[in-house]
Structure formats: structure tokens, C-alpha cells
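Here the chain labels run A, B, C and D in written order, and each chain numbers its own residues starting at 1.
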Amino acid sequence: MATLEITGVTTRYGKVVGVEDLDLSVGDGEFFVVLGPSGAGKTTTLKSVAGLVDIDAGRVAIAGRDLTGVEPYHRNVAMAFESYALYPQKTVFENLASPLRSGRTGSYSKADQERRIELVTTTLGINHLLQRFPRELSNGQRQRVALGRVLVRPADVYLLDEPLSHLDAKLRAAMRAELKQLGEESNTTALYVTHDYQEALDLGERIAVLRHGRLVQVGTPEQIWREPADTFVAKALGQPEINLLDAVVDDGSLVGAGAGGAVAVPVPAGLDLAAGERVRLGIRPRDIDRAGPDDRPAPGHLAVRGRVHLAERLGRLVELAVHVGDTELIMVASSDHAAEEGDLVDLHVDLADVHVFAAGAPGEDTPRLGGGVPRQRRPAEEPATGRAR
Amino acid sequence: MTTRRSLLAAGLGAASLPVLNACGVGGGTADNSGDAAGEVTGGFDWKKASGTKLKILQTPHPYQQAFQPLLKDFTALTGIEVQADLVAEADYFTKLNTELAGRTGAHDVFMTGAYFIWQYGPPGWMEDLNPWLQNTSATSPDYDFDDIYEGLRTSTRWDFKPGSPLGTGGQWAIPWGFETNVLAYNKRIFDQRGIKPAESFDELIQLATDLTDRSKNQYGIAFRGSKSWASIHPGYMTQFSREGGKDYTAEGGKLVAAMNSPQAVEFTRKWVNLAKAAGPTSWTTYEYPDATRDLGNGNAVMVYDADSATYPKNRPGASKEAGNLAWHPGPPGPDGSYATNLWTWSLAMNAASKQKLAAWLFIQWATGKEAMSNATKSAFADPTRKSVFDGSFKQTLGGFPGYLETFEKVVDQTKIQFTPQTKFFETTEDWAVALQDIYAGQDAKARLDALAESNTKKLAS
Amino acid sequence: MATEIKPGRKRLTLGSVGADLLLVFWFVFSLFPIAWMVLLALKTDTEQTTTYFAFSPTFDNFGTVMSQRGTDLTSVDFAGALVSSVLNCGGAVLVSLLIGIPAAYAAGRWKYRGSEDLMFQMLSFRFAPELMVVVPLFVIYNQTGLFDTTYGMIWVLQLVTMPLVVWILRSYFQDLSAELEQAALLDGYTRRRAFVMVALPLVRPGIAAAALLAFIFAWNNYVFPLILTDSNATTVTVAVTKFLGGGGQAYYNLTAAAALIGALPPLLLALTIQRYLVRGLSFGAVKA
Amino acid sequence: MTTTAPSRQAPPAGPAQHGTPPVVPRWRRRLRPYLLSVPAVAIIIGILYPFFLGVYYAFLNYSAVNPNPVLVGFDNFRSVLSDPEFWTSVRVTATYAFVATGLETVLGIGIALLLNRSSIVGRIFEKVLILPLMIAPVIAAVIWKLMFNPQFGVLNHVLGLGSTFDWLSRDRALWSTILVDLWIYTPFVAILVLAGLRSLPKEPFEASEVDGAGWFYMFRRLMLPMMWPYILVAVIFRLMDCLKIFDIVYVLTAGGPGDATRTLQVGAFEDSITNLNYSRGSTYMFLLWILVFAVARYLVSVLGKAQRRAAGAEG
């Protein structure tokens, strides 16, 4: 296992930018997640590391060794493709044996191969499929075979491109647990790409958020969750999306526009904002608690009252759209505290959970004001321990 | 685009001239005469070129088939090995023209017709055989060139000057077999009806029309009509000449097309109408195998084509009507003319041949008395030598009513009825196209006028 | 089957019968001339143009074609022509595959400068009418000793086979996901081995189709062997036409018999190759 | 992984673990596709060489009667282009090529679709689909000419047309030659399309079948876009070969009756081989080459677009 350094990497496809000036540094044995919407350059990042695409600038180093110009088969990395990329003319067993038979991942006797494949397929729950062809598998099974083809072999870095995207919910949870354990117990350096923030938060020792091929933020899940570098990151994490309210600095408070002054939070310490300056407040739906009508807000909490406009039941949870003046706040409540549409509700928010961003036009992403996690170039000294939620 | 343009430039720049010379362009006519014949000295000996290997190019034909088994005799006589390559007649001239134009001498000897000399001679592709004939070191004293019918000997001589008659200039080929274009008819049907072959063209038209019964799939007369110069030269040219037609007239050293003269137009109109009224349904595709096949099958009652093309159908077992066929000279012209067009398959020497002595020995042998005599024994061919015709050949003609009589009637007036000229194939194929156009409904006079104008122009340029 | 696009079984009855009828209609048209050729090949010389379906069949013509009599009629040993045809066409297809597959792969896999131009060049082989190149070729062949040789035929047949191979295969390579080979690279295989192990087996139907069609077109080519060979390297097609003869003797029955014998090698090849042809490019899961 | 996943074992010694891996410079990687194409390019240059020579002839006055040619610039082109016969040939060639290619494409696709249903009838016919291609066109044309013959041909006999129906008359000759072309080459289109059909991924079809899409919708919206590249390759080859058509026509009618089937290459043949006027023949062929070139250029650009669209439809 080894460290992975990506320094100033730019990869273009003709005129289309894949990634631009990307810096990432993954520690030895770190489970590193790259999060971003589609088209953010996640897969390009992996392929740049693997040497499958020519990078136009920058360098990739594994274990401190510059890999510029090194062929993929000399890089000792393994990759699970989002498309699975299983060899259609080979059985599952042969697919899994393929890396073991190339001679570049070590030499394995027939028995070695069988043992390794047996282990991996048992773990992945596909050991009954060994003699099948990929065309005879479901997408979820194919995806596990693709993952198995990575795990079956040693590699300096594992590159995993959305390896769980086609699994059903239950299986995904199980596989995520397996992967998490792998990350924690083993000394595996892994670069894991996903568009699913929960997966990222759950698995990543650190997370890099990409947008339009550029790095937006790197940090532990805790950092990313608590201190999103900008509204893009904030929106990328959490479902429903974070509430963003335009606000104005007024008399030491940030007063939400359109809420009739109901939403007003004190300017956080360390933020130097002039009166009349416009900002945006970010409040995650899950950070909004519904209080009883008589509950007094705890110290350091914001309390507002609004009317439920829409209530949408999502299993055990209910998503509420609450109108506070002209402003709509989305919140999630457990169904025990379900409110009917039209009800008046009291909402409490811990002021520590209120994020402040620079003002911007609707749809424009703006940076966090104060307390933002600086973009890191070095991995944290100690492994992050915090896990959001 | 860059790639292509630069390729083009590179290709042209590098390629053009050197190879062009090699391809024969620019080579001129000087290199062929040489003095290969003069280099042969001493007494004549068949073994003089022993050990060489000769390649000859032929097309399947009764003559060729008659000679095929005899080739080993030649090898025994001369010690020269012969590789005879056959090319189907439809493609023969494609192959031959390419070879000659390439001037590579891939084949030393080739079969050719007289008309081809007019086109192959001027570029210097053919060896003049006169020096060989004159050289007693190269030609056996027994050869007796004059034994070959004179009309045939002159048909393969020309000086390449427009308007000059045949029989002048070099001897470009030696006649090997020949054909007269006459009428073959189904005697069984004629006898059934108690009729005799027509003695005038109009009578022929009437007869053929009467004999046509489309419901019984029987028609009066077959002759060629396909889009080829070869549709003109047999029956059409023969009867055309008998009716007083001329292809060209020489006026002040220039050839002027005359296939639109009143007699020519009148005859052509009748000829095409005959094809319509009493000819094969698909006349415009008809070549001689089609015509003779229909005769053999009993569909066609008469065929106006080469005697040796109809002959094989009468051999026992060769066709349905075998044994029923007879020959007739065809109707004479109004003035009693039996002018008949001649076709001769001849042997010529490739001017680019690298073993001319061996080639000459082969031509000499194949057109010699002994080989020709043997050939007529094993298979049929009109021999070009009087001695052979009168000797062994006549004896094989017993079962062929009228063949000999016909031959003797027309042979004195049998010659090439065309005016020699170097654009023979082009202008003659245009002629055939004109017949097809008239067949399709165009006015004979207007079409032939246009043809004549175009051909006169072509010959002037 | 990869794509059974008839939705459900409902339409099986009427639509399916109708479709089968259409097929039958086509195949009557398609097979009739061949059946008639077979009949022709079984007729004697006198029956060949005088009978339709009622005649006394004989297999003699096939024997004649292969015998000395056939050789006398055509100056070519038909069996020898079969062998040289197999060598010419097999060699030409092999060369085209060896050279064309990498080129098709390059063109299908990468968009590089000039790739389209190059592909177009390959196609433009076919633009030039054969008659345009055949006279200069004849001279060059005679000067270089390629005339009437198998090597010469293999070379000139590239005009026929190469464009087919390259253009048919390019489509297949374009359709093949690049990630399969990338996976093989990361498994530790070199590019060449990845290509051989992954890409090649998957485009096998394409290779089979291209090779078969190229072979057939080379086999059927007429002008090149007519002009560029004599009796040493001459091909079946040229040999067959020689039975058409001349001088008033046309052996249609022998021609048909020879053509049928001459169609056997490509037919055998087609039957061998057919199972590759029907197997789809995607073994089901090339694409997600 | 709860059990000892192999990946957690000490990495075994592999080549990658040792020393510095070889570095392939960027320019060499860029060069790769070109290197793969070098042999093909070599062949192109070698084989197009005679072609350039042929083009050169078109600018000379080279013929058998004039074996010492000189450059005459565009004289041949002027003379050919002002000859109505040439334009007749262009019309005949274009009619032949577009009608034959069009019908073969439609029939080929139809047959491929029908065969792809894999009914029993289809499975039997698939084996014999390719048979007409096995008969060399020269021979096939000879056979058809025999069948067309009104006197003894089997077609008039079987179809009851009597002895007076002329398949190769002035009005019918072109259509009859096209019929023979159809007979020979429709299987070529069908086999290419069939191979393409069989290579389609089945998922989109299953998906839209689930969505209840009709057969025609699937054909138009899914199959056709994906099939275009395969179809177009077939069309390109057919159209190019049809524009150059020679053998079938030459055997059946030699370009007649009159000039009813005188295609450009038949005209070129007449000039080059029959009339031994190489420069005029080469001019014909060069103009034909330009025509084929232009048509192919256009089709290839259409193909490029279709391929991009097909990639879109599948991806």
C-alpha cells in the first residue's frame, strides 16, 4: 500500500475539461472519497491516476514515485469501473482470475487463485455465480464481480468508481458495511468515487468534493459536513438539500429577508460584517427541530414559528415545507411529530448549525464566511474520527 | 485533406515520367523492327531455338482446338516448349490489348484477326513477318507461303496509310484459319415446306418472315445484333456489300464515310426490319453463339454468319438439329455480286517478344502444310492453304450439304470488304449502335447520316 | 438472440406467418437461379439449351471440369486454379486482416489527427475503376516479376479486401467499450495482450463477417486475375469463364458445373464462419 | 471484510514493486495510432501508384494511334464533357447506382429484420442467404443472360411470357441489369445489417418493451439509429461499386441497346480497350473517380454523424 499524490493535474478531452489543476494527497492506507455530481470529473480523476487517460499537466505519484508516462499495467493500481467492464466472453471465475494471471500482480498457483477468488466471492456473496457469464448476471451481481476483480488482487491503490451504485438498498447497506470494515481494518489506500453523499460521509476517512473538474473542498466528513466550504458543498451533502435564506446584517444580527424578521441570528463571532451587508444563511433540514408549542428555545438556539405548507411522508420521516413569512424552510421530522398541512409549528435551530455564506444570485454558489475549513494539501495527521450523523 | 493532397503530390511527382516510359508511352515505333530476322543465319534447322519456352495467347476456337493435341509434335520437332494460354473470346481482346499496350512480350505469339492489324500495327506492337519469310535461314524451303490463298495473304498486309488498300506494306500475321460469311439453314424445315433458299435479298426477307411463327418459338433468321463491332462484319457487311454498299470512299487521301449512301440506307432499313420481323426476340444482345445455338435448337431456321460457326452444330450429336443443316451462299446482290466478307484468325508475333526465332518457328509450323493437314483431320477448320483444302479437308465435307458448293461459289469474291483504317473498332461499334438505335425506332436515314458525319470526323482527327 | 424485438407472443401468429411468407418469397427469387444452375450443370451438351426441367441428369460435367478434357478446353487445370484461388484469396484476406485490424482498431479507438483522412484513403482504393489501374499494373507486374504469381495476386487483391476489412471492422471497434481493454491494462496486461485477450474475441463476428465478405469478393474478382495471371496463378473465376469458350461452342453446362465447384470453397468458409457471424458482438453485457 | 480478504495479505512481489517502471514518453503514446496504421498507409501508397499513372494518362493524348503522347492539359476533359454520350452515361450510371443501392438497402434491411426474428423458416434461409454472392458476378450475369433469353430461357417459360418478351430491350435492359445486381448483392447488405443487428445491446429494447413501445417505434427510435453505421457502411460499398458497375452490364448488354445501359465504366472500357484510346478512357475513369469520390465523401460524413448519434443512442 502506498501514498497517492495528485499535483496540479489537468486532463482534457479535446476542448472539454475533465479535471483542472487538481491537487489531492491521499495517505498510506487512507480510504479517500471523491464526491461530486455527474460531470464533476470524478471518473477522470481515477483514470488519470490509473494512467488510462493522458494528463495534460501536473503529475501523479504513488509511493512517492512519479508515474508520468508509466503505462497503466506498470502502476499496480486496481480499478472497479462504473460500467463494470467485465469481459463478456469470460466467466465470473475467469474475470476474477484475470488480474492474478497477468503476472504483474504477483505469481499465483492455481490453488492460490482459487483460494483468493473463493474468499472474495464469499465476502461479496457471489460465490455461487463463478461459472456464469456476465450476461447471465443482474446488474447488482455484475457490479459485485467488478468489485471482486479489484479486491482479489493486491494493489498500491484501489480505484473504485461508484462500486455500489447498482445494488439494491439492502445490499448496498451490507456492502457499504463490508467496505467500511475493509477501510478500517486494512491498510488499503483507496480512492472511492461516488455521487452519494451518505456513502461518502459513511466511508470516507476524508472526502474531496469536485465540481466542474475543480476541487472545491477536502476534509474529513465532519469538516465537510460542519463547515462546507461553500454553498455547493453544503447543497451536495444532505437530503433534502440545505435551506438557503438571503439575509441582511442588521444591528449585529443576520436577518432573513422575506421572513418578516422572524429569522434572525446573531452574527457569529469572528465574522466582520458591516451593517446592511447581504449574506446567505444555510440551515440543514435535519438541523431544524420541531418544538412543542410551549418549549422555550435552549440558549444559543433560534426559534421561529411557521405554517406547514406541505407535508410529505417519507417512510418513518416526514418532510415538511414550512412557510415563515415569505420564506420557505424545509425540515425533516420524525413521523411521531407529524404535523398536518396548515398547522402552525415552532422550529428550533442550534445557532451552531447555522452556516453563513456570502450573498449571491439564485443558483450561484458562494463561499462560506468565516470558520471555513481551509483547503488542505496535506492529509490530516491523525485519522479523522468524527462521523457526521 | 492534407494527407491526401500530399500523397497525390508525392505520387505524381515521383511516379510520372520514368514509369510512363516503361509503360510504353513515349517508346515510339522504332524499337520493334530491330533485325531479329536478319540475325538468323546459316542453314534452316527446326532445332535452332531448341530449349526455349514459348508462350502463346489464344482464344478457344475450332482452330485452336484442332491444334491443341498437335503441340507436342511441335515440341518434338523443335525442342521448344509451348505454353498455350486460353482466354474466353468475350475477354480475349481485353487481355490482348492490355498485354500489347504494356509491351512486355509476356506472350510471344498471339491469335489475331485481320482488323486488329490495323490497330496493333501502327503502334509497333506487331512484328513484320516479311523479313522472316524472306530469310532462308529462318524459313524452311518447304514452307510454300504462296500456297496460302492470296486473298488471305493480302488481308494481313497493310502499310497503315489511310485509304491504302490491303496487300501493301508489311506481313503482320500469317492466316491460320478463315471463315466466309454465308447462309446456313435448316434443310429439314425447308424440305418440309418444299422451299429453297432465297436468291435475292427481298426474297430472303419474305422467306424469313414466312418462316417465323412466334407462337411455336420459331423465327426466320438469326444474325448478330449485339453492341459490338463484331455485329457488323459477318452477315450485315456481306449483304451490305452485295447490295452495293461501301463503308468509306477515299476522297483526296481522306476517307469519307459512305454508310449513309442511298443503297446503304435502304439496305440497313431492310436489314433491321428483317431483324424485327423475323429475327431473334433479343436481337440487340445476339452474338454468334446465340445465333448458331438457336439454329441448332431449331428455333432459328436460318443463320447468316460464318460458315465455320454454324458448321459445328451439324456434327452428329452436337445439337438437336444436327444432320439437318445445309449451306447456301446467301442471296446475291442485284448485279449478281457474291461479295463476301472475310474473317481470318491469324498468328502474329509480339514485337516485344524476346525469343522471336522460336516464335517464328511456331508460326511457321502452325501455318505449314503438315500441321494444318493434321489439324483438319482431327477437328474442323477452314484451312488457309489451297493444298490442304483440296487435299485432306474436302474429304471431311461429305455430310455437309452445300458447304463446298457455297465455299467455291463465294471464295473468289471473299475478301475483307472494309476499308482499312486505324479507328476500325470505334467507328464500327458506333455503326452497330446505330443499328440498335434504328431497331429501337429511330429513322434509318437520319441515324446513318449522323453516324457517317461522326465517323468521317473521327477518321479525320 | 440479442434482439428479439417482437413484443411478446401475441403477434406471433399473423405477423409471423406474414413475415415468413415474405422471406419465402425472397428466397424463391434468390435460390431459383442457383437451382437452375444446378440443373444446367446436370445436363448434357445437347440438352443444355433445349430442355427446362425434363432431362436425363448426368454428373459427367463435374468430372469433365476436373479432368484433362477440362484442361484442354480451358488451358487451365481446374483443380490447380482452385488451389491458386484459395492461396490468392486466403493470402489476401490474411494480409488484409493483419494490416487492416490494427488500422481499423486505431481508427475506431482513437480520434487522432488524420484518422478520418486515412480511413477515407483506405476506402478510396475502391474508387478507382479496375480498368484504370490494370494497364499500368500489368507493366509493373511484368517488370517486377509479380506477373502470374500468387504474391502478385495477394498484393493487387488488397484493393478489394483491405477497404472491406477496415471499414467493417472499424464500426465494431467503435462499438466496443474502451473500458474493457482498460480493465485488462489494470489487470496487468500490456496493450497488445489486452487487445488480443479482450478486444479481438469480442469483434470476432465482425472479423468473421469482414473476412468472409473480403474472401468472397476476392474470389469473385475477375479483371485482375484475367489480366495479371496466365496459367500459373489463374483463379477459379477466370477458369470458369473459359468454359464459355468460343468458335460457336459454348459449354454452359460445364460453365455451370465449374461455377458450382468454384463456389464450394467460399461456401465451406461461410458455413465454418457462420456460427461466429450469428454470435453477437455483445455477449450481453459490454455496455451497462 | 471480516475474513482475511486476500487484499490484506502482504503484497506479493510483482514486477511493479521492483525498481523504476519503464516510462513511455508522451510523444510515443501519441504516435501509437499512427504506428498501427503505417502498414496500411504503405499499402495505400503502393497500390495507388498505378492509379496516379492512370490519372496522368488523362492529361495526355495517348492512344494506340498515337503512341508518343504529349501533355494536352484539359483537352480530354473538354472533349469528354462536351460529348452528350458522356452525359447519357452519367445519367445511366446514376440511375443504376441509386436505384440498385436503394432497393438493395431496403430489401437487405428487411431481410435482415425478418431473419433476426429467428423463426424456423428464418434459420433455414439464413444458411443459404449468402449463396448468390458465391457465384462470381461475371458468371451470375452469364447465367441470368441465359435465363433471360426469350427463345430458350427459363424465365419466359416459367413466367409464361412466351418467346416475344425481351428482358433486355431498350426500355427494359437497365431494369433487368439492376434486377441481376439486386439478386447478387442484396445478401451483401443483408448480411452486414444482420451482423450489426446481432451486435446490438438488448437492454434498451427490453426497457422500451417494458414501457410498452410498439415494434415500429422501437425500430425507428432505437434500432435504426443504432444500426445506421452498419447500414451506411453497406450503402457506401454498394453505391461505390454500383457507380463503377461494369461486369454485369458488359456481359448482359455490353452497354446497349444503343446507349441504354452504357454506364461510365462501360464507356471507359469502350475507349480504353476497344478503341485503344487510353487517354480518353482514363479521362472517363478519372471523372468517374471524382463522382465516386464525391459521393463517398458525402456518405462518409453522414456515417460520421450517424456514428456519433448511435453512440448517443446507446450510451
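The rule is simple: contacts are C-beta pairs under 8 Å (C-beta built on N, C-alpha and C of every residue); 3 or more make two chains touch, one makes a residue touch a chain.
For each chain, UniProt lists the protein as follows: A = Sugar ABC transporter ATP-binding protein; B = Erythritol/L-threitol-binding protein; C = ABC transporter permease; D = Transporter.
Small disclaimer: the values here were computed from a predicted structure and weren't measured.
A.B. asks: Return the chain label for which the distance between chain Cα mean and whole-protein Cα mean is smallest.
C.D. replies: D
A.B. asks: Need the CA-centroid distance for the pair chain A / chain C, whole Å please.
C.D. replies: Once rounded, the distance between the two centres reads 56 Å.
A.B. asks: Could you please state the distance in Å, as a whole number, between where the Cα atoms of chain A are centred and where those of chain B are centred?
C.D. replies: Taking the average C-alpha coordinate of chain A and of chain B, the gap between them is 91 Å.
A.B. asks: What is the distance in Å between the mean C-alpha positions of chain B and chain C?
C.D. replies: Using C-alpha averages as centres, the distance is 38 Å.
A.B. asks: Let me have the rounded angstrom distance from the C-alpha centre of chain C over to the C-alpha centre of chain D, please.
C.D. replies: A distance of 13 Å separates the two centres.
A.B. asks: Name the residues of chain C that each touch 2 or more other chains.
C.D. replies: 49-50, 114, 118, 120-121, 134-136, 140, 188, 241, 244, 282, 284, 286-287
A.B. asks: Quick one: which residues in chain D touch 2 or more of the other chains?
C.D. replies: 14, 16, 44, 48-49, 53, 152, 269, 273, 278
A.B. asks: Pull out every residue in chain B that's touching 2 or more other chains.
C.D. replies: Touching at least two other chains: 7, 19, 23-24, 90, 94, 98, 101, 293, 297.
A.B. asks: Every touching chain pair, please?
C.D. replies: Chains touch in the following pairs: A-C, A-D, B-C, B-D, C-D.
A.B. asks: Can you name the residues of chain A that touch chain C in the complex?
C.D. replies: Residues of chain A touching chain C: 14, 47, 50-52, 71-73, 75, 77-79, 81-89, 98-99, 102-105, 133-137, 139, 142, 149, 153, 166.
A.B. asks: How about chain D: which of its residues touch chain A in the complex?
C.D. replies: 1-9, 11-17, 20-26, 29
A.B. asks: Can you name the residues of chain C that touch chain B in the complex?
C.D. replies: 45-46, 49-50, 72-76, 114, 117-118, 120-121, 134-136, 138-140, 142-143, 147, 226-227, 230-231, 241-242, 244-250
A.B. asks: Which residues of chain D touch chain C in their complex?
C.D. replies: 14, 16, 30, 32-34, 36-37, 39-41, 43-44, 46-51, 53-54, 107, 110-111, 114-119, 121-122, 125-140, 142-144, 146-147, 152, 154, 157-158, 183, 186-188, 191-192, 194-203, 205, 209, 213-215, 218-219, 223, 229-230, 233, 236-237, 240-241, 244, 246-247, 265, 268-269, 272-273, 278, 281-282, 285-286, 288-289, 292-293, 296-297, 300, 304, 307, 311, 314-315
A.B. asks: Flag every residue of chain C that touches chain D in the complex, lowest number first.
C.D. replies: Those in contact with chain D are residues 1-7, 11, 16, 19-20, 22-24, 26-27, 29-31, 33-34, 36-37, 40, 49-50, 52, 98-100, 102-103, 105-107, 109-110, 112, 114-116, 118-137, 140, 155-156, 158-159, 162-164, 166-168, 171-172, 174-175, 188, 205-206, 209, 212-213, 216, 219-223, 236-237, 240-241, 244, 252, 255-256, 259, 262-263, 266-267, 270-271, 274, 277-282, 284, 286-287.
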